[in-house]
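Naming follows writing order (A, B, C, D, E and F), and every chain is counted from residue 1.
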Amino acid sequence: MESWIKSLKTDTPQEGFELAIKLAQKGVEYTQPSVPVRKKLRPKYSKNADSLIAASQVISIHFQTVAAANNYWKSNFE
Amino acid sequence: MESWIKSLKTDTPQEGFELAIKLAQKGVEYTQPSVPVRKKLRPKYSKNADSLIAASQVISIHFQTVAAANNYWKSNFE
Amino acid sequence: MESWIKSLKTDTPQEGFELAIKLAQKGVEYTQPSVPVRKKLRPKYSKNADSLIAASQVISIHFQTVAAANNYWKSNFE
Amino acid sequence: MESWIKSLKTDTPQEGFELAIKLAQKGVEYTQPSVPVRKKLRPKYSKNADSLIAASQVISIHFQTVAAANNYWKSNFE
Amino acid sequence: MESWIKSLKTDTPQEGFELAIKLAQKGVEYTQPSVPVRKKLRPKYSKNADSLIAASQVISIHFQTVAAANNYWKSNFE
Amino acid sequence: MESWIKSLKTDTPQEGFELAIKLAQKGVEYTQPSVPVRKKLRPKYSKNADSLIAASQVISIHFQTVAAANNYWKSNFE
């Protein structure tokens, strides 16, 4: 797999959330490397409430990791 | 995606809980950006006990992150 | 939503567990604000083993947060 | 609910594990207080592989909390 | 239940992983103490992809606990 | 089981993510040691959206552990 992540550091929580989404997607990508297969599956999960909730949960676990890595962006706390 | 979060800081646990809900919803929104599709799915999960429990679980993971970020609002502990 | 939580502080693990239950329920309440709908769903999950296990899991995640917030009530450790 | 837990302190990991099981069961009990209903459900989950795995997962989350509360029983580490 | 665990200490991550598997299995064992019933269930989950993934998840949560207990075996980090 | 992991240390988040995948796979492997059975199951989960999301979740929990073990690779934070 080519290099797709340098560090867990992000400047803002939003960037951290978007990194968490990338990590969640990479978990699927490594497990199913075929782009056509993944594309074929998109309608299945993206129009299913429980699948969307499950996807949001994976993002929440990665976001917890990225947030801890960035000390919760406390420097953004006025 | 336009800017939707500045920081994880909230003044109270209730605000932290409501931020956790927003984070859980954003996980769904990034995965399924179409508002009409998400609206169509609402009756599916909002009237299904297991879906509601699953949604509450995603909120609980994000709340754990937000609570840690705010040092559990210990300043509110008399 | 009216104010329903002041702080994560509780005097005992049991109070902490009961706060975790309240947090788990609030996750459902914010997602499905209708009391009649939630009442109608009660028999569905409260008489289903897997739903009860899933509910217990949401409580376990919130309890982990509340326990950390209260430093595991170590002052109760003789 | 009568008093059922004084503290998260246990002398050994095994006692901690058994406390985690109690916490997982209490999550179900608070959600479904009826003993006859819970008894009726026992065959459903206790003879279903996925339900048993799900129950083990709730125990694992509570065990993580109890272990942290007891500093992983490091005093038992020779 | 006879004594089955003395401490969470292991010398290596692999031993820690194998302890996590034991903890996950004990969660099932305490919930369904009957060996014949558990044996009868083995083909159900051991030949089902989703059950195997769910079992791996319980192991991952216990491994997270055991790894923290052993300070991530940092003494093994050259 | 032959030795398959020396330490949780990795130089980069990507290596850490790939170790997390290995840990998730080992959880399945220990539970179902038969290679032919696991091969037969691959089409089942690798072409199922919910199974892929569930696999990504196990990876996310292991990644959280590996990231903490490596202090979030903060040395990579310029």
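The definition used in the following text is that a residue touches a chain if its C-beta (ideal position, glycine included) is under 8 Å from a C-beta of that chain, and two chains touch if they have at least 3 such contacts.
Since we're looking at a predicted model, the values are computed, not measured.
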Centroid-based (C-alpha) most distant chain relative to chain C
F
Per the C-alpha means, the centres of chain A and chain D lie apart by a whole-Å value of 31
Which integer distance in Å separates the CA centroid of chain E from that of chain F?
15
CA centre of chain A versus CA centre of chain E: separation in Å?
27
Could you list which residues of chain D touch at least two other chains?
45, 48, 50, 54-55, 57, 61, 64, 68
Among line, ring, star, complete and other, which one matches the pattern of chain touches?
ring
Could you list all chains around the ring, opening with chain B and heading toward chain C first?
B, C, D, E, F, A
Please name which positions on chain C make contact with chain B in the complex.
1, 3-9, 23-28, 30-32, 37, 41, 44-45, 48, 50-51, 54-55, 57-58, 61-62, 64-65, 68-69
Help me check something: in the complex, which residues belonging to chain E touch chain F?
12-14, 17-18, 21, 45-50, 52-57, 59-61, 63-64, 67-68, 72-74, 76-78
